[in-house]
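Read through the structures below before going on.
One chain, chain A, appears in both complexes that follow, with chain B as partner in the first and chain C in the second.
Coming up: the complex of A and B.
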């Protein structure tokens, strides 16, 4: 065995050990947090707080609660329909604005005006225009999720290397081919980042609409209903749903980050 | 093959106005390998972009195979200096080479074969599945040469193609150009600021003045072939020619 292979092996196991160590430290942090929570509740230090163990049991219980699962499905469905629609809308518009400066200049005032409006402020308008069920949720998700995708597409297209475009033109390709074969793939990493940001917005919007509508199902409706219970179960339910929401957000973001790293390997080089 | 008549180009107007080319006349014969040298910033790249139809010159005419250049001629390919920006990083090497062939009436299979053949001719038969960032600079420039070759252009333009590689790689790539021109019937116009390179590679060397550029020297290179990095460069004609080109470049640069 050569020195080099020994070194790589040593290096790899050091790396693995570092990763395990990191995981252990993460776990210790969480355990301490849960312990403090449990004690704070059991000793009566924080009166309103149910013990961590009760909440975690309810978190697991929710996985077998058909009512909750139906509400969760309703919320996720709105996100799963809304996000692709936002992509289909925002990417072409971003490509257009990024490639035709005149259009971008003409629309800039409108974009800069609409963008800062908090999307939740549009809930009444959405409820006025759409059925207060999944339609209103999807409409609002499409609206809100489009902005980060649009803006990222726009900046991505602006960042396209002019020499790459010129190379394609030097082989007699036209403008449409330049957009399709250079601007789009070259902006793809930016667009994907926009989609990841948009994905985190979708749940916010869906739950907000559900709060307002109340009776139309969804996690938001479940939370409202749970919080009206007169016994201690209200707080337990609310916390358990929050844990679920946090976990879903974390999982989606992690998956998208992984996909990003895999798809755009060429970008780090 | 290539006829340039009274070419003039001015960028912008007012205080940022830049007169890049002024009344440039040049004609290149079929199959010729012409090197164009000139001081930095003299408008060499403007000339090349005008021939390729990438910019519209403000005056004069350019004809490729008798056809007036209005947009990029179909029978032309360009190799740029900056290979890392000119190759598409999201595509494999083979896909990069095959991409321009979509402009031709070829099936996917034919495109793939043509790409492989072109990669083989630049010594990269095994690299097709790799991505550009996995190759060295010299290899990346070979890929962009292969991309141009696969396209089978009648006219290949090269804009300082070896300006970003080390000296050894540069010599290898010069010899590669000499080799492939033998296999493909094409005319090559190679722009460089390296005087030795222009004499070593070219059949003919044209020297441009500083901006606004026009032709100040036009020399035929008659070195014994095949050319060789060692013996060609010690040949008395080589030494003589490089001195002459050098004087022309210097002379105009110091005016």
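Coming up: the complex of A and C.
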């Protein structure tokens, strides 16, 4: 930011021009892609592919489709409940494991055994253990989203400047104060990266659970339902939802990335 | 050696015993005892003539073949395309938003696309895995190939090193740390997609075993399936880390001296 403000007027406008040029090339890329898609479909070159215009019309149509909106709400709700719970669970555990090496060494084997279990393998089990289905969905999201947050917190705490911690200790601050004033702030950027990774995992898990449950609503159920249609509408619906979910993923990731840069600007300096 | 092992692993048997005792005390049909799970696993899968039973061979093998095969296809495609795109400087601005978007799509969403396209079975599963995991590989390959030190390439060009040799000796090694970061992500993602694609409408595979155990409310078999998948995940991850360490030793060495 400081570099940009110290630039001369001419320098700034070159920068702006380069940015506009880049945006234009982005737009051209997307336009060419859509055009090729449209042509490939209209000319019958790719028979199964519905035209881009039809799919995009359906993308807009979905925004006014109450059934789809209810399903979308159900998926996002599980993610919005699950992610904060995962943060509340994983950050304290990560801080504990990171600051008390004995505990970390003791539990390392257990962690190393649990971590590689693919979370989707637990879906059928969670459906038995947690009822109704929304609970199973949230439980699995919490489980899966906790890992990247836990691991990143652990790395973040290990990365803490020992001098800062020792300084505080020598001024006879207690270990709780050291964790609160040194470990947590200096691990915060790592933790945030973990949360960003976890956010994309929540969607993967929610949609996977919805596939398996089927009747319980959510984007996953909507997709399975749509894919069983026998006419051409199946592919149009599926692609439209794919565009939606990609857009949601992109927006969430961009927002979190922006927040990360803004919150931890002090770190780069 | 033994002392450190004991020090590291003593909590594992303690946890297993605690699990056994707790499940005995709770006596919940959904939480079978670990001994029951192990007995059921042995009886179902590991009591055959050559250790594995027919059921195990018929379901584990297709899963692993599909997983490894699809991963191989995605790796080959992802690295080839990624390096090509990364080395074509003018292309990046046009293609970036599309690749970024494709990566943001939650991979399981690909599954119904192929459900519509193909009849159920291996085709759907392979396509789901390949298209679900190719994006991290592609993006990292683009990134790695794009940021190769220009001086090295120009030096090689000046000395008349042919393009194919420049690719193998300079570009690929320089991009490999990035590429491996993408590959690591893709391994666990491939396992996830293998299971998701087998849970729904498959006729064989480990995911299918899970689904059918769940239909029969056979809890020990269900837990057993989770254990098998956990072991599979552990083995894949360990193998990958071994290969990565071997392939990237020079990188870490170079970084250390630098």
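Keep this in mind: the second predicted complex is superposed on the first by the 261 of 269 C-alpha atoms of A that agree within 3 Å, B and C clash if a C-alpha of one lies under 4 Å from a C-alpha of the other, contacts with A are read in each partner's own complex, and residues count from 1 in each chain.
Assume contacts are C-beta pairs under 8 Å (C-beta built on N, C-alpha and C of every residue); 3 or more make two chains touch, one makes a residue touch a chain.
None of the values given here were measured: they were computed from a predicted structure.
Trainee: Regarding the shared-chain residue A:266, is it in contact with chain B (first), chain C (second), both, or neither?
Mentor: first
Trainee: Touch test for A:67: chain B only (first), chain C only (second), both, or neither?
Mentor: After superposing on A, A:67 lies clear of both chain B and chain C.
Trainee: Would you mind checking which one, chain B or chain C, touches more residues on chain A?
Mentor: Per-residue touch count on chain A favours C.
Trainee: Once chain A of both complexes is superposed, is A:249 in touch with chain B (first), chain C (second), both, or neither?
Mentor: second
Trainee: Answer with first, second, both or neither: which of chain B and chain C does A:212 touch in the superposed model?
Mentor: It touches chain C, and chain B stays clear.
Trainee: Just to be sure I read the superposition right, which of the two partners does A:186 touch: chain B = first, chain C = second, or both, or neither?
Mentor: The answer is first: A:186 touches chain B but not chain C.
Trainee: Examine A:164 and indicate which partner it touches, taking first as chain B and second as chain C; both and neither are also allowed.
Mentor: It touches chain B, and chain C stays clear.
Trainee: With both complexes overlaid on chain A, does A:234 touch chain B (first), chain C (second), both or neither?
Mentor: After superposition on chain A, A:234 lies in contact with chain C alone.
Trainee: Touching chain B and also chain C: which chain A residues?
Mentor: none
Trainee: Applying the document's contact rule, which stretches of chain A touch chain C when the two form their complex?
Mentor: Within the complex, chain A touches chain C at residues 22, 25-26, 28-30, 32-33, 48, 105-110, 112-114, 116-125, 127-129, 200, 203-204, 207-208, 211-212, 219-220, 223-224, 226-227, 234-235, 238-239, 241-242, 245-247, 249-250, 253.
Trainee: For the complex, give me every residue of chain A touching chain B.
Mentor: 161, 163-164, 166-173, 181-182, 185-186, 188, 264-267, 269
Trainee: Quick one: in the complex, what on chain B touches chain A?
Mentor: Chain B reaches chain A through residues 52, 54, 71-74, 76-78, 80, 82, 85-86, 88-91, 99-100, 103, 131-134, 151.
Trainee: Hey, which residues of chain C end up touching chain A in the complex?
Mentor: 7-12, 15, 30-31, 93-98, 100-102, 104-113, 115-117, 188, 191-192, 195-196, 199-200, 207, 210-211, 213-214, 217, 219, 222-223, 225-226, 229-230, 233-234, 236-237
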